Each structure stands twice: as C-alpha cells, then as structure tokens.
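A short worksheet on the structure shown next.
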Amino acid sequence: MKTIEEIKAAIEAAVPGAGVEVVVNPSPCAQHSLRLDPDSALAVARFLRDDPELALDFLSNVTGVDWPDREISEKVKVARTVAKTVDGVEQQVEETVDEIRKRVEPGCLEAVYHLYSVVRKHGPVVIRMRTGNRTDRVELPSLTPVWRSGEFQEREIFDLFGIVFNGHPDLRRILMWDNFKDHPMRRDYVEPDDYEYEPTAHDAVLAKAQAHRAAAQAGAKGQEGAGAAQ
Amino acid sequence: MFGEGILKGLAETAKNFFGSYVSADRLTTVEYPEKRLEPIEAARVFPFLVYDGGDWQAGLRCVACQICEKECPPKCIYIEKSKDKKPDAVGKMQFYPTRFDIDVSVCMSCQICVEVCPFDAIKMDKLFELATDDRFGGLILDRGMLAKSNQYFHGIHPTEAAEVDARLTAERAKSAAKAGAPAAKDAGRPQPPPPGEK
Amino acid sequence: MASSPYFSLAVLFLAALAFGLTPLALAWLWARFFSPPKPSLVKNSIYECGLESKGDAWMQFHSAYYLYAIIFLIFDVEAVFLLPFAVAFTGLGVAACVAMLVFVLLLIEGLAWAWAKGVLTWA
Amino acid sequence: MAVDQDLKIELGKQGVFITTLQELYNWGRRNSVWPMQFGLACCAIEMIATTMARYDLARFGAEVFRPSPRQADMMIISGTVTKKMAPQVVRLYNQMAEPRYVIAMGACAISGGPFKQGYNVLKGIDRYIPVDVHIPGCPPRPEALLQAFITLQKKIDAQPLTGPGRPRFLDAAAQGEFPVPVPGEHDLEPAFNQGVWPLPVLQPGKKD
Amino acid sequence: MIDHPIVYQADQIFVLLKHWLIGQLPSSVQPAAGVLLSVVVIICLFPALFAVTTIIERKGLGRMQNRLGPNRTGPFGILQPIADGIKSLTKEDIVPTSADGVVHFLAPVLLVVVVFMGFAVLPMGRNMALTDMDAGLLFFFAIGASTELSVFMAGWSSRNKYSLLGAMRAVAQMISYEVPLLLSSVAVVMITGSLSLNKIVEAQNHYTWGLPHWYIFTPWGLAGFLIFCIAATAETNRSPFDLPEGESELVAGYHTEYSGFKFALFFLGEYVGMFSISGLGATLFLGGWSAPLQILNFIPSWFWFFSKLMAAICVFIWMRGTFPRLRQDQLMNFAWKFCLPLVLTNLFVTALWRFLGEGWLRWALCTAILVVVYVAMARAEMRSGHFGSRRYRYAE
Amino acid sequence: MTASFKSPAEPKLNNLDLAPSSEPGISGDLLEVAMGPHHPSTHGVFRMDIVLDGERVIRLKPVFGYLHRNHEKIAENITYIASMPYTDRLDYICSLTNNWAYALAVEKLVGLEVPERAEYLRIILGELTRFQNHASTIGFLIQEMGASGTPLMYAFREREKILDLFESLTGSRMMCNYMRFGGCRVDPSAEWLDQVRKVVAGLPAFTDEIDRLLTSNEILMARTQGIGILPPDLAVNAGITGPMLRASGVNYDIRKIDSYGIYNRFTFRVPLGERGDVYDRYMIRLLEMRESIRILEQALKNVPGGPIVDPKSKIRGFRPKPGEAYGRIEAPKGELGFYLISDGGPNPYRYRVRPPSLVNLTILEDMCLGAAVADVVIIFGSVDIVLGEVDR
C-alpha cells in the first residue's frame, strides 16, 4: 500500500485544490491520517474509492470526536512603553515584559473515517474532517453518498455529537428519542439531575435523594432537565 | 428432494426423543433445586472479604486502602476507612474498614477488585442464590455479610486459596525476618504485587 | 323425535354452547367476587409491541384474498356436485363416469386458466 | 350464646371454604406462571438458557412463553431498561392481565447496574412498576433465575385471597394502572411513579 | 372372534353401560336420556383428552429437545393442565376499548361449539356414534368450515393489526385447504358408495390373510391419506402451517388480544378440532375402529379408534417439534398448485381402480400414475420456487 | 476476489418519502405496523416500522436505541482496564471476541507484545466463541421461521458445553473478562486443555446433526432460498462484514487479511456463498463452524508453554502515550473494531466501538423491500445482530 504521503500526493494530483493535511499519529501502530478540507472532501472521497490503485471501497468505521474549547495560557513577550523614573527623570521607556495571556482556543467537532480496500485487501487509510466550531458551524459533508456504510454511523454522530452532515439522505436521531435535545457524547454534556447517580444506595445517597425530593416539592421546577449541554 | 429432507428431520427429532430415555447426552436437564451441576472451581459471582482466624472483625485482611473502590468499574463498592489502627491476624497494626458495602444490585462480577487488591483481602464468591423481594435490604451487603473465613475460601477455590496462603506466609515470614522490630511501621504499605500484574 | 339425528345434534349443540359459556360465567363470577377487573385507558388499548397503536386495523384489504375466496367457492360447489356422484359411483357405468369426467375437466381447465393468469400467485 | 356458636361454625365453614379456594387458587397460579416472551439485553440470553435443555424452566410449567402480554402472567425484565425503552416496558406491564408478576433479572433491571452512570439508562425499573422479585447478578446464572422463580412461587403461595393483606389485584381500591412516562427533552417525565417508588428509608441501624 | 361373549362385552362395554343406565329411567324419556348421556360423555371426554394431550405435547416436545418438560405439578406433572385451567379461569379478562365486544366474545364460544359438533357423526367404536347420519361426512365438512368464521371473527373484532393479518391468513389458508381435504375424502366415498361414516368403517373392516382392507393400503388411499394429512394440519393451524398465530411474525396472530379463559377456549378449540379431524382421518383411511390385524380383533374397537387418534396427535406433535413454518404464498401455492392437482388426479385414479377390476395391473398402473404425477408436481413446485440443494466453494 | 464482484457503483439510496404507487382498485389500504420493540423475533428491543400492502413490505424503517447503554460515554470516564468487562456486554453472546478486539486495539495503541501461549489461548477461545455464536444464530433463525425451538435447544445444548469451558477457565459463563492488554488473565491448566479437546471432539457430531435436521429440509429451503438477496457490490459499499458478506460471495475474512493474532499459522478455508440469500447465510455459518473446528483441532495440538501476559502490561496506573489506534478483528458477526484516542491520561479520550451488527443493518430495508412479513423476520434473523452491540 502507498504511504500516507504518497496518498496525499495522489489526492492533490487528482483533485485540484483539495486541502489535504497529514496528521501524524505518534502511537506505535502509526496509523497516520489525512485531514480533509470539508469543501473538497466529497470529491476526494470519490477519488479514494474509485482510484484503481487505492480502491478504498470499504468504509469500516465512522466516528465523531469532540474537541472542546481549550483555555491555553501562554507566555507572550509584550513590548510596552512604561513611564519610569530614571535618575529622577520621568522617561518613557520601551521594554519587553513576559505576560501570561489566556486565550480560548476554539474547539471543534471532528469526524474520523477508517477506510479499507476489499479489492486490494489493504488499509486502513484514515481521513478526518473538522467543523468550524462546536456551536453554529457544525456542518460537514456527508460521505454516505460515496459509502453507504456511513448511513447509520453518521446518523449516530449527528445524534450524539451534533455534527450536521449535509447530503445525508436521512439525518434523524438514531439512538436517542426524537424530541431529545442534547448531544450526550459531547464532553460538556451534563446529565439531568438524578438523585441516585451515586453507585450505591448508601446513607449519603439517601440523604441526597431526600434533599432532591424536598427541593422538588418546594416547587423548584425544571430541575429534572437542568443539564442542557449546549 | 421430494420430502427426504423432511423425513430426515423427523428421524433426527425421533432419535432425540427416544434417545432421551436411554442416553444422558440426550437428556441434559439437571433438576436444579434438588440436583445441581458439578461445581466449577473458577466460578465467580460476587466478591466477599476474607478473614483469618475465628473472629471476622479482628481477622479481616482488608486494610481499607480503597483501591478496589477506585478501580471498580461500576463503582459498587463503598468503603469508610478507620481513623485508628487495630492489630490484624498476625498482630501488625493496620487500618481497617469501618464500613465496607457492596451493592450487588450494581456489581458486574468482573473480578477487577480481586485483581487489584494487594492484600488478597477480597475474593470472588460462588453464591448466586440471592433473589429477594427486598430491594434495599437484601441487595446491599455490608461488612458482616461480606466477611467469610479463609476456610470458606479454601472450600470454594481450593487451588487459588492454597496459592494465596503460601504467598502470604512467605511474605509474612520475609517481612518478619527483615523488619524484626519495626513491624508496625510499614504495615500500611502494600508490598505484594497485585496478582494480575505478575 | 328423540331418535331423529337432528335431535342429537341439537342436544350436542346446546351442550357445547353450555360448555363454552360455563367457564366464562365462572370466570365472570370470580372476577365479580374476588378479583375486580380494572379496565383503564392504557390496559384496554390495542397492543402493538409496546407502542401506542397508530392508525386503524379495520381497513380495505388486498384483493388477492378475495380472488382466492372466489376460486374456493367454485371448487367447493364442485365438491358438492361430486359427492352425489361419488355416492352413486359404485353403481355407475363408464358412460356416466365419462360425463362426470367432462365436468371435472371443465373445472380443471378453469383452474389451469386461473393458474396461467397468475391469479394463484399470492401477492 | 347459641347463636354465636352457630355463627362461629358458619364462619368457620366459610373460612374453610375460603381457605380451600385460596389454596386452590394459589396452587393454580403458582404452577402456571406463563412468562412473557420479552428480553432486553444480556440477561435475556441467560433467560433463554434457563428455558433450554439443561435448566429447563418447563419443569415448573413455565415454558409457555406467550408473546402477547394479554396471556402472560409474568414479565421477566431481563436486562437494561433504557430511558427510551422504559415507556414501552411500563405500557406492556399495564397491558398484562391481572394477576401479573414482575421479576427484575440482573443488576441493570434492578438499579441500572454497571450502566447506571449512563445518560440513557433507567436506574431500576422499580421506579415505575412494582417488582416482585429481584435477582442480582450480571447476568445471574440460570439457576439464579430458577431460584427467583421458586421465590416467586413461594410469594404467590403466601398471598391471602381476602383480608387486608391481599395482593394489589384482589383489591378493588388498589391501583390497577401505572402511568407511562413520557420521554421529554432531556429526561423521562416523571422520573418515577409516585406510590410505586417509595424513597428508600434510611436505615440507621445499618452501620453494623 | 367378536362373537365371543367376553370380547363382545368388552367391545360394547360403554354401549351396554349406557343402556343399563337409561334402563333405570321411565321409558318415555329413555331415547332423550340416551342422547343426553352420549352428549355428556363427548363433552367431558374430549376436554379431558385435551388436558392429557397438552401434557403429552409439552413433555414430548421436551423429550425431543433433550429436556424433561413439566414434571412438578402433581405426580409427573400430570396436574399441570388443571393448574393452567385454574389460572386461566381466574385471570382478568381484557377486551380492548376499540374492539367489537360482542363479536370478540362470540368468537371463542363459536369455535368451541363448532369443533364439538364434528363428533356427532364420528363412530368411536362399534355402535358408538352419536348419530348415524346418512350424510355424515358432508355434515362434518359443513360444520368444520365454520371454524374459519370463528377465527376470522376473533381476528377482526380485536381491531389489532397482528390479529387482522392473522385472521386474513387463517381464512385464506383454511378455505384453500378445505378443497383438497374434501376432495381427498371424495375418493373414499367413491369406493364405499356412502357418505355415512359408519358404512365407511364397515367397508374397511374386512381382512384378507389377516390383514385389513384399510384404504390406506391402496395407492389412491395412500395418496389421499397423505393429502388429507397435509390439509388437516393446515385446517387445524398446526405447525408447519401455523401461520395464523405465527408467533415469530404476528405476535400471537388472531388471538393476540384474548386473555383469560377466552384464550383458553381457543386453545381448547384448536386441540378438540385436531381430535375431530384426526378421528375423521382415521375413519376414512385407517379403518376407523377396526383392528389392524385380524388376530387383534379381541381388543375392543373403541381402543383402536382412540389409539389411532392419539397416534395422529403424536404425529402432529412430532411435526411441531421438527419443522419450521411455511410462508403464506408458499402455503397457498402448495394448496392450489400441488395438492389440488394431485387430489384431482387421485380422483381419476380412484375411478380407474374400480374399472380395472381385481389384479396386479391396477396396482401397478395406479401407483405409476400417482408417482409420475407426484414427481412432476414436485419438480414443478421446486422449479417455480427456485429452490434446491446447493454446493459451496471455498477460498483458501 | 471473486468473479461476480464488480467495482462498487454509487450506492442506491432509498427514496424516503412514503409514496408507494399502487394501482387503484387492485390493492387495498396500506397498513402501518410496528414490529418491536417488544416482538418475539427482534432479538430483544429492536423495532421495525413497516408499511404493508397486504403482506408485502413496501417500506421498512429500523428504529434503534432501545438498548443504548452509553457504553462509549462510560468508557471515557473510567480507566482502560475497567472498560474490559464492559466490552463483554457489547455483543453479549461472544464476550471473548469483544475482549480480544479491545485488547488488540490497546496493544496497537501501546505497542504490547502478546506471548505465544496467550495467542493460542485467544484463538482457541475465539473460535469456540464463534462456534457457539453461529450455532445459536442458526437456532434463532430457525426459531424465527417458526420451529418450536428444537434447533435452538440443540444449539444451546452444545453452547452449554462451551460455556462450561469458559466458566472453568474465566469464572463466568458469559461475561468472561478474560483478555488483558498484552495477554490473558488466567493460565489454564493442562486438564482444562484436555477438557477442551474432549468438547471439540464432540462438536462435529453437532454440526452433522444440524445438517441432517435442517440443511436439506424442503421447508427451510423454500423459506430461505431467494429471500433477502444482497448483491456483493452493495454489500461492500454498505460496509457489510462477516458471514453476511461472505454469503454474498466476497472473499473478505479479517483473519486472513490482517492475520491478526497468529491466524496465519493455521490452515482453514473461507466458505463463500453465491447468491447472498438467507439460505447462503445459514450455510456459510454452518460451514464456518466446521472450519472453526479445524482451527481448534490444529491449535489444540500444540499449545506452547510460557507466560501468558506481556510483562510491560499493568492494570493499575496504565497510561498510554498520546496517540490513536484502530484495531479490528473478525468477530463472529463481522468486523468488530475499537478506535481509541489517548491523551496520555488514565482514561481513553475517545473510545469508539465499530459494531458489526449496526453496520450490517444498513441494508436491511434494501433486502426486505418486496418481501413478505414472514420474510422480514428471517432476513433480520439472518443478519445476526445483537442489540447490545447495535445500540451499545
């Protein structure tokens, strides 16, 4: 089988303007992957399937990964002008100071596809796509038109992660019920308040349960669904 | 093709029907409450706590290290560690659990608590007849219900119990020889490697 | 009157009816005195695999069922015609049998036609 | 005094009659518990194994697995009840004809078991319907189901036909239907059925 | 041998008993009492037999499946049916709100009435038929056809989708198999020359070299018997033709919405129907109450009748333990495209049998025709169904 | 590659609006029926919303999630080893192959070596699991065809023997929790291996019995042949794996392709179907059972001694370096894969199960359209799913 770089080159040769990026996997199995640009992903996927040398006709696994917003603190050298008293004289001095800046790296949702070839009996080739963010730009092209096996798996990602797959023939919730609102596989999903969450019905739990009951009776409404995950 | 398949099938069931009167292979029923299957030594159902000697409160091997509580996948173990130390079976001062509950209505019988226990204190029982109509009273086993003697352990898992005993005696002998006087000092430290990690 | 076969049939009919109704009456009595029935909305709704039933089951059904019924009717009538013939068969000559044969063949032709037209293919 | 004596005898006769009837009734019910053909998860396989040759639930007269709830007497909740499934389970239970029994088989059915931490897992079916026998285990061995079945038989045997201790279905005033929960936007509504799921009582004496 | 007084008395024990009993009554009510007594016996006997059969079935199936079957209720589990009966009797009766209550109630009752009526004409031993009707066979079929009605009533009135599908299946299946059932017995009528079941038995109650003249021992009789068996299985909705209640597809088919004793009545009706149709099959082809060998004539005739009946029931159970179920279209095809042509051929063969007279020729000719037609039909059936055994290849 | 296999075309996606064209007058009203979640033959809690015209299926929508137990979410909150017993409960008929797949994925993630003895044990247990899975699948399939349980009883009779082996080795009948990262948990005794040999020697008798009871039965042939046909190109495109794919004539067996474990040391054949109908799926399973016996016989001849677990492996404090891995095996139902992302912590960052049962259901509607209700049940049965794995 071709190496990941060769595949990348082949894709770029075949699909002009395709944004492909190699993602290196440091683990011993070295299953490196290709990150596709969502805009050209469908064309790339068609190429991967139809190219006689690659012939990746079998989409084995599709899954979503949630990368939440991360708070990154980094040291930045900042140049600034400070009013300083040097030798009794006030001066404007330029100096560089280390400043710890916190910024929020926007998270994203990712869809990962594992491809194999039944004809050529090789694989896996891993491709992945990222959404713009986790809230409003959660759309990706559906690869179900290329590989039918994505149908239920993409539906599952839609259900549990909330990635909207454009071009999917039947994008409905698959595992949760239809009027369920949250996406429970996201890492910031909060469970509905359930007083018996704790494993065993110990005294502490029972006390918690009683507190919960008291709160419910006191008219604290809407407690059941306090954990909307959005 | 003109009905032989059907006749062959009928012959097969007839063979089993008549065979059930003559051959044990064709009548495999074990009439449960009266007769039981041959016990399988490795069988595991729910955990129990092993104690040495005659008094379960004194002889409990558990030192409330709470590893099993942390490692338990469904989190069905609940332990409260004692504030003070008590002498264990060989006289070392140890912490002990003031409370050790297992909710068998949650336990998944995975045996991970046994694997991670450095003290051979928790083992798997074979008792499965726990059906009850009492949801909260019958299914949360406390220390007293969990504690079972080493003899009982020998009774249900003879091979494993013999291994454990041999290992424990060796270790105790070693630590007694090595330490001599300050035996109580390193009592709380887990010494033997967990059996699953050898 | 009692020696008439129809008298026996009537008695059998009544007895069978009584046999069917008695346990139902007993069950009703039991429910009346001990185990009160508790009909309710969910309990007395139609069973549909644990879901709420959607749509009505009383609906227009596929015509294939009725075609079979018509063919059945023909053959049942044929059988009724055949029975007197069969009873008299031991005393009949070849000519009478041939006449019956023609009748049966006509019916077989009908069957063959229906077969060829695909009426006998279950849709 | 004489009247009293007569009355006593009369009552005694009636009592004998009732007792005999009760024994007969309980004997009949106990020996003909037809389970509903209903499996949820892993435990269902052990439930099937229980009906198979080696364990043979049929010996107790209980092999007549009825697919329709109308004809079944017992519901073996064999496996995880998810929040998506719970309304169906409750509805099926409601659609069963009285007398009906419930066996919660396995950890998941009792409490959610190992999957208790899951967002879609109901933490015990006894929040919505009354459960007669609980069998711990994950999954319980087939013998454990047999033992639970025998426990249920004993329980049936002890039920009086009349009087205040009589079971729910013999009491005209008792609840006959249990509300079916509705899947809401985040969770099932309500989270439990009042009257079925009493808050577990704190047991102060439990700290041995 | 039947002339021997002890043998005769053993044979006629029930008849004599009945005569003795009604002899105690004033002569004006004697005929009516006689009928009543016979009816009561029928009404009690067959449900009792039903109880026995359920336990035989459950234990027999168990044995076929390497297990014991019910054995704890009473000694060897023989009280199991009684427990089931008590349970059904005391179970809550549910009628769906949207169902047609009257029809829902009538369906099981009708079924029970209809299946019992069939016994009116069955001779269960020498001189042991309730009525000796001239058109007994016709009556049997006429009344038997009403079971379809009750099944349809049950399915339709429940207003349940599975029930409705089950009912539609039941009607389609039962009317389809009614035709081969009827035509296969026409052959018997042709040879016997009577519709009276008593006469049909009498006609078979002769022996040559100690062997009986049962119709099953003729080519047309065997073919007729086999078709009769198939059609009878379908008529009684037994496996492999149990589509109307097809558990794996239609939950419980037409009786999905029935609970308590109404359901038990369906159960009972099915089994009693099985008894009556097995009895008819035994009467038509297996010599009714006649002994299988002349030297066995000393055993009472009723014993033979009931042995044949129970043997048939055992075959039903055996088939149930072995076969998967057919599909609706295959079932219908089998009735119309296989059984019907075959049974019509059988009618011709029967006529031929009579006209060819005694001798080996008619044996050879009749057998040959039937075998040829059977093989041709089977091949056609297989070709149209596109099935056959296959070979498989392997990749290394 | 087989001759009949073409390069995949663009998949046909079913038209989803519910508008069947029906000739007026000849057909009746359409009947919408829900089969499941409580239905005798949906293997638990699966639901199919079916639209019927008479008895013919014109629309079928599978509905899942009634057993969605949040396996993946739970696994992301517990340690790597703690997920092992949870994998038992995925496909709860074949816990050992699930263990194996998960162990394989972690071994790929971390780079652990499996000792030879452990590899042999894995193969022995894996093939026993495959045998009992196929046996019970056949039993359930025939049950769905309306047999009153006899083949299922026979299958479970053999299954009990195999479960006894599992229990005496691992301690549990069904939830074995036996594999460990880089090996196995308990070292079997020589007596246990003898016991396995004895059981394996008895297995051919069972396959022969099933063969006699069913294979040439005309009713079974009539019911299953030509029903639920799955063309090979669609099968590959829809990601179908396992016996179902091979029944369609595609030679793809991960035991041969990846030769994970030490499968390349054993000689066994891959049976291939020709038409891809229900009968082929039944037969492929039966033939695979025979091949499993062959593998077992070879494996049991020389089980080497030695350790059973990689010394680098540990239970507590197991923290793989950041990275990801996808490991897959040929589970009895098809390709079972585990996709793990590690962020260096004690819990997997992302834990994904690639369930063969779910993906194999993708083409359920395609296979069922135009079939009768009774066929739907057996087509569904021939797919061989376990809800624990479909919904996880």
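By letter and in written order, the chains are A, B, C, D, E and F; residue numbering begins at 1 in each of them.
Everything below uses one rule, namely that contacts are C-beta pairs under 8 Å (C-beta built on N, C-alpha and C of every residue); 3 or more make two chains touch, one makes a residue touch a chain.
What you see is a predicted model, and the numbers here were worked out from it, not measured in a lab.
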item	value
Contact-graph distance - origin chain B, target chain F	1
Of C-E and A-F, whichever chain pair has more C-beta contact pairs	C-E
Distance-to-centre winner among chains (Cα means, whole assembly as reference)	F
Chain B and chain C: spacing of chain centres that average the CA atoms, whole Å	63
Chain C-chain D separation of Cα centroids, rounded to whole Å	40
Centroid distance [mean C-alpha coordinates] between chain F and chain D, Å	33
Per-residue overlap in chain C, given as positions that touch at least 2 other chains	34-35, 37-38, 41, 43, 45, 47-51, 57, 61, 65
Of all residues in chain F, the ones touching two or more other chains	31, 33, 37-40, 55, 65, 68, 70, 73, 85-86, 89, 150, 153-154, 157, 160, 175, 213, 215-221, 391
Touching two or more other chains - residue numbers and ranges from chain B	1, 3, 6, 9, 12-13, 16, 27-29, 31, 73-75, 103, 106, 108-109, 136
Residues on chain D engaged by chain C in the complex (per definition of touch)	68-70, 88-89, 91-92, 94-95, 98-99, 161-162, 169-172, 176-177, 180
Contact footprint of chain F on chain E as seen in their complex	61, 64-67, 161-162, 164-165, 169, 239-240, 242-243, 246-251, 320-330, 385-390, 392-396
Of chain D, residues touching chain F in the complex	37-42, 44-46, 48-49, 52-54, 67, 69, 79-80, 82, 84-85, 88, 92, 108, 114-115, 117-121, 138-139, 141
Complex contacts: residues of chain E adjacent to chain D	58, 62, 65-73, 77, 79-80, 82-94, 247, 251-252, 255-260, 263
Partner chain D, residues of chain F touching it in the complex	37-40, 43-45, 65-71, 73-74, 77, 85-86, 89, 92-93, 152-153, 156-157, 159-160, 173-175, 387-388, 391
